[in-house]
Structure formats: structure tokens, C-alpha cells
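Look at the two complexes coming up: chain A is in both, with chain B in one and chain C in the other.
Entry: the complex of A and B
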């Protein structure tokens, strides 16, 4: 009898897991990912966010708050990064700051049926104890044209404003015969104001309805948090490990219904997700090499999508760095040049934000600028 | 008797304190420098290598890119590259004040330095520091001027940007000339004085404003 109950319960759990796995895609009708995430910058983008084990750089804390104890610089930093190729800047500016008209939509879709624009900007004030950063604009504009016979547009416009507080500390040092292990933890708490419109309309609607009636921006407010852990060591025999949970208490989960088949669902941006990072560092007389791998999971280490696993590498000498990353849907090569008060970077990307839904990978160029005060 | 003993005791303690403080400060200074030496161990050519890479990539990128925004980004990379080359020259030429005093304090052959020796060392440091700054600015401004004139005249740039490059190039030529000819007093004294240039700017009346440079050669 007991065996039967256990067997029935186990089969129920199994069926639940299978059904969750099977219907996972239905909950996210058009899953879209982006390389430039909130709190990201040029470097995290060039590394495709596979950077949670890279210590001692200006962008380490953005990748993983547990790397806070390793960051040395103090002061004020103004940073901006975004897509900068061809018409992306003009299209993005028009989409966000001008009324959306049929002419604009036709102009945007002249060459391809999926267009995207992202930009992030922030001011960060860093001390030895904590970092406060304010991001006035994380802008995202995604447009997907489907059903060419009767053109319909899936539009997702977002401006995410946030005020973030980050800190971290070294928790434990464990010297052993083979290596010295250091365990650190960090957290980032942020208040956000999220303005968005995620809708579907036909081109015919644009001719009959005023744009402001068709696209109504909504706002949400809330508090979220990122938590990170990092296990460092001073030996080449053992990799460095990281574990993170991002956007805890996210209230910005996808709210689309299954009936709206082509509504967009951004992943790994505002939803709760977690990552495991594995990396290694090599220091030579002529520069430093960092290698890293990042495995993302939905929610709290729930589902892993192998296509989203990213590998990255970074070589830096003096004030010059070469960054690269590769995965199924993203490949990047970036160059970063630093000076005392001004840094600039350019990344050339091949990307498929829509993943398997996208017929071919798109070429893109991203630029990032830092001003150090 | 007791009063004399008290005075003796006070002065002994005072002298011991001074000696202790002196030894402590020397030890502290040496220790701090050792730490800094460990942290900032880097290849002294790193700035020039990374600056050279930025300069090269900036030029290739500028020529190959079509987008105006990308051209602007590559122009910024060219500028950063040249500034870093200038910084590299400064680091190579700079005497490093801390390292110099560290060597003075850790030289076991010499226990005391005379006033003249300290003045000589200070003058050497000041003169070399001024020279390093001047040469760094001279080379970076000259390279920047060349780069901006290249962008304006040889490479394909937009008309409105060409004028900006010409203006920036002109400013850098002035800085380069000034840095080539102007010497600080300590540099003049230590390295000699072959030529000099003094820029001037004054207002004669409401409408006339004069600027220029006085070039002086001393033989």
C-alpha cells in the first residue's frame, strides 16, 4: 500500500516535471534574449555576460557582486554603451522618442523582419565599502514583423530606470596543501521604475488609429536584488567558481497570455534567473588571460537551456584589452582601449536574439564609453 | 639633585621618542614602498604597446568603417592610443620620486647625506620630472596633430567633421611647438638651455586683442 502511494506520488512529480518541460515554450511564445542587460556595460556585452569569475577589473562587480572585494578603484564613473551600427541609432532614437507611424515602421523593416536597439547608461559612485549606481536609461526596442501577407508588428518598448546599491565581502579563507581557497559573497539591491509596452498590432491599425492610442506605455515600480557567491583559488589546477541568482523578487515576469502567440517575452533581463560560472586566469609578463564559461538557468536553477551557455575569453595588456565570446546564438569580438579618464570599446557581433526562431544571424556593432572622474 | 635627575629622565625619554619615531617612519616608508613595488609590478613598455595597438586599430577602423558614428568612435580610439603613447613616454622618462628616495634610504654604503647631496638629488628629480612631462606632451601633441590632419585631409571624413579635425590639429600644433621650446627652470639648469618660446596674449584696447609667441634663441 505504502509502495503504491509512493509510486503514485513519484509518477505525479515526474508527470509535472515532464509537462513543465513540454509546455515551457508555450509560456514564452517568442523568447528573446539580449546581450546588453540592465547593469551591463561594454565589457559584459563583449563577453556575453560570461564574466562572473573575472576579478579585479572595472566591470567585475557588474558581472558578479561577490567580486566586490577584489575591485580596487574608487571614484565616479559615467558609462554608456549601446548598439551603434548603421541605422540602429537612428531607428532606436525614432522608436523611443518619436511617434510611431506607418512610414517609420516601413522604413525600419526595409531590410529585415526583426529589429532591435539597446542602450544602457549609468553613473556609479564607488567607495571601498559599497557602490551606488544610478541608471537613468536602460532602453530596449524590439520590433518583429510577422505574417508578411497581412503585416503584423510585435513591439516591445522598455525604459528601465534603476538605483542600485552593491557591496560584497570576503567570507572565508581556506589554506590547504595544494591551494589557498577564498570564498566571497556579494549582493546588489535595486529600486526600479519600469516603463514598457509589449503589444501586437497590424500595419493597418497604424493607418486608422493614432499611435498614442495603439502604444500605451505602462509603468511598474519595485525592488529587486542580485546575490552572488565566488570561490577563488591561487592555483591553476582548480577553476574559479561562481554562483548567482539575479532579479530576486522580480515583478517583471512575462504577463502575456497564451492567446497572444507572437507577443515577446524577454529572457534573462528582468525575470528571475540564475547562473553558474567557471573560469580561470593566467598572468604572463606580457598580459593577462581570463577564460570563462557561464551556464544560465531559468528561475532558481530550474531549467538550463544549452543554447544559452556562453564561453568567453579576455586578454589585457596595460590599457588595451581584447574580448571575445561564443555560444550558439552569439559570437563577439571586442576591443577596449583605456586611458586615465576615458575608456572606449567597440564590439563586432553576430547575434540571433530570437534564437532558433531567427532565420540567420545578424551582424551588429556595439560601442561603449566610460568617463572616469 | 632630584630636579636634575628629573630633567635628565625627561630628555632621555624625549630623545628616545624622537629616535624611535625616526626609525619607525623610515621603516614605515620602506615597507610602504616594498608593498607598492609588489602591487605595481608591470612591464614598463605596457603603455606604449597598448597605445600603439590602439593607434593602429583606430586608423584601420577609421579607414574601413562607413558609419559616421563608428568613424567617431575610431577617432576616439586613435586619440586614446596617442595619449597612452605619451603616458608611456612619461613613465619611461619620469624619475619616480618614491623609488629615488627608497634607493637613498636603503643604500647601506651611505649612512648620512650632506645638504648638497640632497639638493642635487632633488634638482635631478625635479628636472627629470619636468622633462618627462614636457616630452610626453610634445610627442603626444605632435602625433595628435598629425593624426587629425590625416583624418581631415587624407582619409574620407564628413565635411563638418573635417573642420573640427583641422581645428583640433591646429591646437595640437601650438601645444607641440610650445612644449618643444619651453623649458622649466630646473630643466634648464640641469639639462642646459638651447632655445625657448613664450606665448603671450594681451588686450590693447576694446577692439584689439593680440596673441602670439616670442621665440628666443640663446647661444
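Entry: the complex of A and C
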């Protein structure tokens, strides 16, 4: 029976694999991605969100709600993380506090024309059954300067506030001759208030118009959901697999009718997207190694962008962890220290949120702290 | 059962993968032009590559306004008109001067400008155009019988010089003209008439007089001649009042002409002062080379097309209009920079003395083109109806101006500059 089913779908499976190979070039020239995502922290950032198969950590549920059964701890957590240093910070500081020179202007247009700032904070209350988290601020500010002949600024400002309910459970166990498979599923449901302004204005507008007339924040409200699945096993022969759909029912898709070459379109952030994760864990006497690969798809497993495929690794021993990740546009190395009441982390990142459109990669430093009550 | 379940799981695992083959996004169905490569080239100051890409796209879609706009940006970079070349001006205006200093500077220059204007133009109270219009209406509507007036008399006694030529003929028919000069005593009275209808503008004069007997006392004779005439004045009061009304209206017309002259004088003063204050900026404007001017003309044409086809609130419409102002301003200021000996100007009064006539003539087309495009944008902006009308009058003159100067016009410019130089 299974053989029949497999045979019938073989051609479709083949086509599916081929479609995975038929990558698409980004149809949105100003597609912007971010490592620090809503519901993320410095761990997920250090791993470039390639963490949906890493179980038993304090950040596992952030990565994949299906990992909820593996996080048994209860308590209250206050978390904050954001960019604390880097080229964007330097450029912002130079522009605001220092005399503006032609060298700075030239550097901004030709090398550092995309500048971004992110900050995330949340309060979480976790029990063995569910987790409630409230994020008052997920702040995002992206500035893209272009066209030296008549300078324009493409500005995307976001504050995403959300209240989230997460839970998960082990669905079934499948002991086999070679391994024991454990299948779990989880989901998050969240209410969000999304304040944003995504606009373009010229340098001339800056000199003639008041900022409140140039930047008019709008708001959207709604309910969304994340769904995750995780297939664990206790054998090194089989990788761990995850499958997620994020931001179901998202009403925050890019609906700009303006020229998309200059309007920013955040991707894998508030829009509906899905991921497949493949990972493995190695527990040794000298610590634990986690390796993971995350393949993101737009919409419901529609198309994949190879540039967004991320590989990550984590080594932890005792209270100390080293995290790293690599992809075409992101390379991170992070350090994390856990203690009874707080965790701190710092991540050094080379990132190009604008992908191929960005003139050069940005060096950035992200820091984060978790306070455990 | 386990195998079935496993098979089920595997099937489910790929279910969504298969699903992806069927789904089609509406967005990907639409063919999108990718302007990002053009913008990247512009950011890297690689205008040649940008122009190449733009021309390729324009061949497929020649009427696309966004592509026209991008072409303008590439042409601007080619003509070296970008944030880098204009940085000194932007820095001066935006980045260097504190707000408190700006207001202090503005107050000082306003005071100096007022003083200079007062020194050169007429002093005293001059009625505004609106006041003159109101007075004219009052004059016209005043019935003759309600007109009042007062008179004052000034008597003058003098002599008029006459020449008399006498012609005689001798027996041979030859003419012989003899001119003799003689003086005739005269006396006349000026009757100075003042009336509220004149609104303090001026006075009206009537005259009576006559010749005095040369042999008698002029003073006594004047009394005899003028006395009856003055007693009889006015012979016809209705006529006098009619004359008063006519004179009042003439005064209004005369005052209007004076006012225009004074306003023109004020404008020239303001223009000279504005130019003088702009000299630091003009010095930093990039030099206007001939090849750059041609590129700017092409860019302005494209922008004008965009301006006519877009609304002001649209991005292309707003940017296009602003950039017309920038490029037209560059044409005008670059031409002014070339047409003056800037280093020799130390005061507003030096401006007229430092004109380079040959450069003014050479840049005539730049001035004309720049002002034409600039006025198109200004007229569209939010200005009063009165200002708009004046701007449109100026625009009409610009549109009717010759595309090139005739030889006699060039000579006039040379003469004008030479005449002024003589007084410097």
C-alpha cells in the first residue's frame, strides 16, 4: 500500500525536488531581511534563525513552537536584545553628532547606503502547559539612501507589539528497529499591533517639510499564528526534521503600489513564510554540538531563495555556549553565558540585509540579556 | 501499522512540497522591470552603465516616466551635478549655520537693505496702489457741487524778452533784415488751489496776468491789471471744480507712475542685495561648461515632460519639479558666476561695475532657458493670484524672447556695461 502511494507520488516528488532547485531571483528588488525577528533574541540571531531543530534550550520555543515539550522550565523571563554597535550605528552617530563631510556622504552613498537598527524586548511567563509572552517593542528602522544626483531616502519604520500564546505537545512516538521517532507539534497564536511607515522622500523634502508631515505612522491590528512540527529521533543515522509555517493569516503583506525598486519590502518577518529545518545533535563528554540547516520558503512552501538558506552550529558546555551561523548574506559568531538569574550574550555579525543590492556587508554587534525571575 | 504511519508521515512531510508546485502567486505572473540595477549603478556613480541599462529599457517602453526620471539622474551625474559637486552649498545651508545665527544674520541684512533702499529711493509717504485706486474711485464719485477748495495768491513781476526783426529793401530790391531786442514788463498772479480731493498729493494752479506799461510804475500797474482779474476769479465756478476734479485724477495717474518707478527701484535694490548675499553660494556652484549645459537642457526637457504628465503630490511629480528648480538654478547661477568678476565685488553697489559683457552674451541662452523652466515651476506652486499674474506676465515675456541675441542687442549690452563702467 505504501509502496503504491510512494510510486504514485514519485513523479511529483521528483518534480518537487526539481522545483527546489529551480530557484527564483528575488522579484522584489528592495527585499529586506533581518536576523533579529519578532519573538527572537540574541540566540536566534546568532544562529540566523536556523534553530528549529535545536531542542532543550531556553530559546527553542522561539525558534519552533513544536519544541515546547522539550522546554520544561517554568518561570518569568524578561528579555531584550538589539544592535549595539556597527556601521549603521557609526553612520548614524556621525550624521547626527559630527560635522558632515563630503567623505561621509560619499561613504554613505557608495558603501554604506543601507543602515538598519533593530531592538526586541519581551516579557514571558512559562508553565509546563503554555507560555504567554508580551513584546511591547519590536523596533525596526531601515534607511536606504540612493541616487546621488537627487538624493532620496527610503525609510521603513516599524514598531510591532504583540501578545503571544504558545503551546506544544508530543503527538506520538514511533519506535522502530533503527530508531525511536518522536513527533511533536506546536502552535503560537498572537495578537499584534503593527505601527509602521514605509515611505520615500528626497533630501529637499527634509529641508522644506516638517518631519511629522514626512513620516506619518499608520497602524494595523490583527491576529496571526505560527504552526510547527518536529520529528525527533535518537539515532545519528536520521536527521531531525522540522517544518513550520509562520505568520498564518498575516495581513501585513507588502501591498505597496509604488515602484518596488525603492520601497522596502521586509521578507521573512511579518509576511507568511514557511521553513524546513534539518539538524543533528551530538552529545559528547566535552559538551554538546548542535548543527542545523534552515530552508525558508515564501508563502506556503512556494519558492525558495537559495541566498536565504542558513547553516548554524552551537557548542555548549556548562553555562557557556558558542553559537555561529553562515549563509550568503549573514555570518555570525556569538557567545552566551547562562546563570541562574540571567543570561547574557553578544554576537558579532557580518550582514547584508539588502542582499545583493547592498553595496557592502555591515559589521555589527548585537547584545542581549535575559533576566529570569 | 507502524509502517503505514511512517509512510503517512513521509507523505505528509512532502505534501506541502507538492502543494508548492500547484500554487502560483499573482505577483510572479506580472512581469516586473528591475530598476535596482540602474539605481545600483547610479549609487556607484557609474552613469555610463546606468544610461546603457536605461536606454535598453526605454527601447521597450519609450514613454515610461520612471525610466525618464532615472535617465535625468544619470544625465545629472554625467554633468557632474550631484550631491558631491553641490556638497559645499548643501553643507553651507544645512550643516554649518546654527538657527540662532541665521535669525541674527537675517535681521542685520534686512536692516541694511532697508537703509540702502531709503538712501537711494524717494523718501516720504507714498500711497500704495490700493490706496490710489480707492482715492481714484472717491474722486470720480464726488459730485461737483460738494467739491471744496482754498486759494492762495502769489504775484510775480518780471520782464519778458522779445526779439523783433525788421526787413527793408533798397532801390535795387536787396533785403536788409534788422533784429532788435526789447523787453516788456509783465506781471502775473499764480492762484494756488488746494482741495481735499487732491488727498495731499499736490496743488492745482491757475494763472492771470498781463503786460505792464513800460513807462509807468510796475507795481501800481500790476494792481490795476491783476486786481479785477483776481476779484472775478473764478469766472465760472463749475468749470473750476471740473478742472479740480480733472487735475485730481491726473495726480493719481502721475503718482501711480512714480510708485511703479519706486517699486522698480526697490526691486533692483533687492535684486542687487540678493545677488550680493548669494555670492558665497554662487562662488561654490560648479563651473558651467558648454557640454554640461547641453546635458542639462536634455535633462530639463525630460523633467518638463514628467512635470506635465504627473500630479504634484506624486513622487515623480514632486521630485521632478524640485529637480527642475535645481537644474534651472544651476544654469542661472552658473551663468551669473561666469558673467561677473566675483572676486572684485565687495558691496552691493559693486555689482553693476563688475559685469563681463561678453560672458553675459555668451550665457544668454542659459539665462533664458533657466528662467523659462524655473517660472514654469514657480507659477504652479502655491502663490497668491496677484503674484501668479505677475509671474505669468514675466513668463509670457520670456516665451516671446528671441532664442538668440541679434547683433544690435549684443552691441546694446556692451554699451550698457561700458556706460556703467564709466561711472564706477
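Going forward, the second predicted complex is superposed on the first by the 315 of 373 C-alpha atoms of A that agree within 3 Å, B and C clash if a C-alpha of one lies under 4 Å from a C-alpha of the other, contacts with A are read in each partner's own complex, and residues count from 1 in each chain.
The rule is short, and it goes like this: contacts are C-beta pairs under 8 Å (C-beta built on N, C-alpha and C of every residue); 3 or more make two chains touch, one makes a residue touch a chain.
Bear in mind the structure is a predicted one, so any value in this text is a computation, not a measurement.
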{"item": "Touched partner set for A:76, first chain B, second chain C, both or neither", "value": "neither"}
{"item": "Chain A residues touched - chain C or chain B, whichever exceeds", "value": "C"}
{"item": "Chain B versus chain C as contact partner of A:241, first or second or both or neither", "value": "second"}
{"item": "Which superposed partner A:152 touches (first chain B, second chain C, both, neither)", "value": "second"}
{"item": "Partner chain(s) touched by A:113 [first = chain B, second = chain C, both, neither]", "value": "second"}
{"item": "Which superposed partner A:303 touches (first chain B, second chain C, both, neither)", "value": "second"}
{"item": "Chain C partner contacts - residues on chain A that touch it in the complex", "value": "1-2, 5-6, 9, 12-13, 15-16, 19-20, 24, 27, 29-30, 99-100, 102, 105-106, 109-110, 113, 146-152, 172, 174, 176, 181, 183, 200, 202-205, 207, 231, 241, 243, 258-262, 274, 297-303, 357, 359"}
{"item": "Complex interface listing, chain B residues touching chain A", "value": "42-43, 46-47, 49-51, 53-54, 57-58, 61, 67, 69-70, 73-74, 76-77, 80-81, 83-84, 87"}
{"item": "Sites on chain C touched by chain A in the complex", "value": "2-7, 9-11, 13-14, 16-21, 23, 25, 27-28, 32, 34-36, 38-40, 42-45, 66, 72-74, 76-77, 81-84, 87, 90-91, 93-96, 315, 318-319, 322-323, 326"}
{"item": "Complex contact set, residues of chain A against chain B", "value": "84-86, 89, 285-286, 317-320, 335, 337-340, 342-344, 346, 365, 367, 369"}
